[in-house]
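Labels for the chains are A, B, C and D, by order of writing; each one numbers its residues from 1.
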Amino acid sequence: MGQMDLSRETLIEVYRKMRTIRGFEENLQNLVAAGKIGGFMHLYAGEEAIAVGVCSQLSDADLVGSTHRGHGHCIAKGVDVKAMMAELFGRATGTNKGKGGSMHIADVDKGMLGANGIVGGGIPLVTGAALTAQVLGKDNVAVGFFGDGATNQGQFHESLTMAANWKLPVLYVCENNGFGEFTPTEFVVPVKDIVERARSYSMRAVIADGMDFFDVYEKAGEAIELARKGEGPTLLECKTYRFYGHYVGDPTPYRNKEEAEDWIQNRDPLDIFETKATEAGVMKSDDFRTVDGEVEILLREAVEEAEAAPMPEAADVLTDVYVRY
Amino acid sequence: MARELNTGAAINEAIAIAMRSDPNVILMGEDVAGGGDRSKEGTEEMGGVLGTTRGLVGEFGMNRVRDTPIAEMGLIGTAVGAAATGLRPVAELMFMDFLGTSLDPLLNQAAKLRYMFGGKVKVPLTVRTVSGAGMQAAAQHSQSLYWMTTGIPGLKTVVPSSPADAKGLLLASIRDDDPVIFCEPKGILNQVGEVPEGDYEIPLGEANLVREGSDVSLVAFGATVAIAMKAAEALEGAGTSAEVLDLRTLSPLDEVAILTSLEKTGRMVIIDESTPRCSIARDIAAICVDKGFDFLNAPVKCVTAPHTPVPFSAVLEKAFLPSAQDVLDAVGEMG
Amino acid sequence: MARELNTGAAINEAIAIAMRSDPNVILMGEDVAGGGDRSKEGTEEMGGVLGTTRGLVGEFGMNRVRDTPIAEMGLIGTAVGAAATGLRPVAELMFMDFLGTSLDPLLNQAAKLRYMFGGKVKVPLTVRTVSGAGMQAAAQHSQSLYWMTTGIPGLKTVVPSSPADAKGLLLASIRDDDPVIFCEPKGILNQVGEVPEGDYEIPLGEANLVREGSDVSLVAFGATVAIAMKAAEALEGAGTSAEVLDLRTLSPLDEVAILTSLEKTGRMVIIDESTPRCSIARDIAAICVDKGFDFLNAPVKCVTAPHTPVPFSAVLEKAFLPSAQDVLDAVGEMG
Amino acid sequence: MGQMDLSRETLIEVYRKMRTIRGFEENLQNLVAAGKIGGFMHLYAGEEAIAVGVCSQLSDADLVGSTHRGHGHCIAKGVDVKAMMAELFGRATGTNKGKGGSMHIADVDKGMLGANGIVGGGIPLVTGAALTAQVLGKDNVAVGFFGDGATNQGQFHESLTMAANWKLPVLYVCENNGFGEFTPTEFVVPVKDIVERARSYSMRAVIADGMDFFDVYEKAGEAIELARKGEGPTLLECKTYRFYGHYVGDPTPYRNKEEAEDWIQNRDPLDIFETKATEAGVMKSDDFRTVDGEVEILLREAVEEAEAAPMPEAADVLTDVYVRY
């Protein structure tokens, strides 16, 4: 696919998603630091091109499973940003009625099977979603996002084995950001590229530049098409970097300062997108600044409305465990 | 003449009925189709290591009856994902001991998705699993870990005590919209009994008063119901009228039935083939000393296995498992 | 002036002392050394996600302080194998919820090897893990699953309630020849208290009577000890003398101390931050209604969380966790 | 290593081990069928060359972890055959005092860390044994045996990841016998050769003919030497076949009759050994028949003594759970 086959309207929406994710995370960084939001918070900033590159090719019927670093996948999959913000504030109006928080934010109506606090825990879930599609003969696909660290989990190995055996319509997207918490990937993952691991499942595997929306879009697109056609799963490794620490508050002493600077200054996925879309003559600087402004307003409203929204009732702690009691 | 089946056959029949009546029901697990030559679908298959699912692949085909790798975390996790997205999977966990290799998708996903998502998803999954001792299968293939699944909010746990109950409870479990752990105790798998034909459900959460009595309540479930019945007969011989309550479902628990029986008799023994600490037996005893305190005329006794792994040698396994004599001793100790 | 430390620092000190006094003690877990530049051993490290093990790699080096992959089954299983062959590993399971991804080596190996082998091996493993709610960490990072490990014969389970206890109990756990699950409740991690210098052990299996009283026994452990103390003070104001027993160890359990207190007061409330079914609270209540029946003057009350996953929102998490008010209510209900 | 570097004495002992395993399993087949021994019983017959090929190069200080099909590994590692038989009869004189049975038979004094009823469960245990050796700077190695089916387990994936990262002195021996229970390997293991899976750990991997003692001996020997020298782990895949069903009583309808006949008639590891050792002129027919007779006597005695041995006391159920109560 030529990268500029996408229309201006589409690219504007792509940029809007990426900008929204970035802004959402920047807001959170401040809100958590200010003590307004509690819980464990992992930010997606820096990895926007992956979530948006993949999810912009999915419909609501396609199912996505995510990680502890899940805000980006939610926004990319079309989950309402205001309801997300309300969730993080623990409000009754949140996506999960305040019961989930950052690590469990979800919206099944949008095909978002949830962030997941268990590293590797989302992988079998999307494998199961793909199984549903296959058993029922539907043409929707499932996509599982996970980190480099998660590829060491048994759940990764077992799920990919099953998907390979059954040729399930699933795309596994590894967001290789070079670290699992504070430990560099190369200390604990004994392969140079994560794609090597696909050989254990005779699975199709592709590497993408996770900072470049167009590269992710193209490679994910092929894989999704193959999956829809019944040609089985792909492991897509996206090389990326997280711009903040592992969690909000992480002082990141473990990472190389120059390396971090280089990624943040020179490989920002939003900058790369802007440059490419501008150079191709499809979008103009104004387009970007307009979106920037709109996103800023949206997020400001999201925070204000979330702060003003009602808390759940204490009695709500008892509901939603079972369908039938 | 009434038709008799063993528990395995009753379970097989329940699965077949559920699959016929709902195309979203699938069966998956290690060797549930049963290996063999895939070109001859439905022939020569083994149907699970104990043969419980024999023949189902023949009727329902390999799209709906799936042999999985030996990978319980993946198998159960995939079933959870399928359940959350429209299927109603019946997943076989060959032995309950394999909760060790499959706990996460049950503990952290199936049990919690609905709650974490604010009620916006349901997980109509049934995990069938063989529990209990009695086959000299030793420490890693003989555990009664239903206390572990009962302790996890969001899961339901069912333990049938007869072929007929197994069929009706399994049908109800498969059709329940919550994740259910359905135990198949080794002690009842070969038990033969009358099993009604056709489609029927036994509701989850309702205990079954299998014998009425006035002097002491024997609360049992699964393989211990037979022990309780045997003890009740012996007690009758000695002039003590024992009531036997079969719990059928451990979660949700029929507290009303337990307390009603306690109110009637004032004395209770709970018989549980698992180990004692944090067991179902102790859970129920605690409910009695809280909500049933005024009814109590004697200590509540728990007859369980000892706090040890399950031994191999027949002599030791027999010493490990609760017996009718242990129940009589407990009643005796009550004074 | 007495030296004060928070619980995390007390644990760090215990590990350092254990490692200095025995070269077979090693520390392993996800980020326990703390990532960073391996060429500068011991510098800039994070020391665990909560910083508890910070600095240890500097003193003991990377041979004895090992960052593992995010692979709990492999990490804990490897630690079990190391323990069975001569080391005395301290393995960190970052959060107790991750029993989901690490149960098998604990349930089916560590707990059973000694028994299955007829006593011919020992597994001197300590698994340190953070348990409990209170940080809005939600359903998958807030569980108090010590009931699960307590229910497994062959494992010991320890839950300290203060920095000083954490240090002494951890030293005893590391030196114990059986596998020990050592819980670090979130509720006490930042608690500051006096901690004796040097090397001392607090024996496993012995409860600590932290407050004497005559009217009601409050049995607590870990983070609920503070709740019990608060309730005891409030009760004192209302003219009720409450005794507070800190269990310290859940397995082995100090039944004598529990029954002695019950004999004295005739009334008991057990406070447990886990969910109710098959909980430690109910386990103890069951012991009371069996062995302590003659001492009982009132229903035994269990104050626990409800039978739900742990919610995220601060309002809901507060409603989920037991409080001193809940204890007062329970005492009130006893009549 | 030239295959006939081994002395006649050594080869006689090798054959004795293989013959003992075969005879042990044949006895069990009958004893279980006769109802004299209970529990789940998985026989090693057909795979003898692997256990003996590997273990004949190990000392008591080298640690071995096994599977549900563990008798062969025990015998090869030097565990007392009479005590093993007594164990299977559930006797107090058994290796495990009657507490373990077939799936847990063990003797740590001989470096045998036990059969294991959990598929894949022995793999982290031997990884830990190798860690002990590395931490303490000892030169012993650890060996984990497991089946083709076990390579789908998360415990396999996680353990090999750790061993690769740390270059642990361990040899992983996959006994690929073409089936996991009743399911053919190719239906559930999505690689042609198990060695492919080593790529996921950048691990050295070798295939051996599991029916040929000499091939296993040579390839295992190299791997063990590398491990002892600190050069890290190897995955050794041995192609083999089990002569009986999955468990005693399995009617094996799922396996191809001709294929089974071919393995059993033409690829019996004892026959292959006898032919090679005879052709090389190191052993004579008489040597074999002498060992056969000695083994027969040993096993007859083992069964008789086991049957006559005392059962455990019922009270023993309560001991050996904890070291300190």
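The rule we apply is simple: a contact is a pair of C-beta atoms (placed from the backbone, for glycine too) under 8 Å apart; a residue touches a chain by one contact, two chains touch by 3 or more.
Keep in mind it's a predicted model, so treat the numbers as computed, not measured.
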Query - Those chains which touch chain B and also touch chain A - result: C, D
Query raised in the report: Taking each chain's centre as the mean of its CA atoms, which one is farthest from the centre of chain D?
Result: A
Requested in this report: Averaging only over C-alpha atoms, locate the centres of chain B and chain C and give their separation in whole Å.
Outcome: 31
Report task. Averaged over CA atoms, how far is the centre of chain A from the centre of chain D? Could you give it in whole Å? Result -> 46
Query raised in the report: Using mean CA coordinates as chain centres, what's the chain B-chain D distance in Å?
Result: 35
Query raised in the report: If you average the Cα atoms of chain C and of chain D to get two centres, how far apart are those centres in Å?
Result: 40
**Report entry** Junction residues of chain D - those touching two or more other chains
**Finding:** 96, 98-100, 104, 116-118, 121, 152-155, 157-158, 161, 165, 187-189, 321
Query raised in the report: Do you know which chain C residues sit against two or more other chains?
Result: 68-69, 71, 73-74, 97, 100-101, 104-105, 108, 115-116, 138-140, 153-154, 306-309, 311-312
**Report entry** Complex contact set, residues of chain B against chain C
**Finding:** 73, 97, 99-101, 103-108, 111-112, 115-116, 138-140, 147-148, 150-154, 251, 253, 275, 277-291, 293, 296, 298-302, 306-309, 311-312
**Report entry** chain C to chain A touching residues, read off their complex
**Finding:** 30-31, 34-38, 44-46, 49, 67-71, 73-74, 97-98, 100-101, 135-141, 306-309, 311-316, 318-320
Requested in this report: Could you please specify the touching residues of chain D with respect to chain C in the complex?
Outcome: 63, 65, 94-100, 104, 106-109, 113-114, 116-118, 121, 123-129, 131-136, 142, 154-155, 157-159, 161-162, 165-166, 319-325
Query raised in the report: In their shared complex, at which residues does chain A touch chain C?
Result: 38-40, 87, 90-91, 96, 98-101, 103-104, 116-121, 149-150, 152-155, 179-184, 187-189, 253-254, 256, 311-318, 321
Report task. Using the touch definition up top, name the residues of chain C that touch chain D in the complex. Result -> 24, 26, 63-64, 66, 68-69, 71-87, 89, 104-105, 108-109, 113-122, 153-154, 156, 176-178, 204, 252
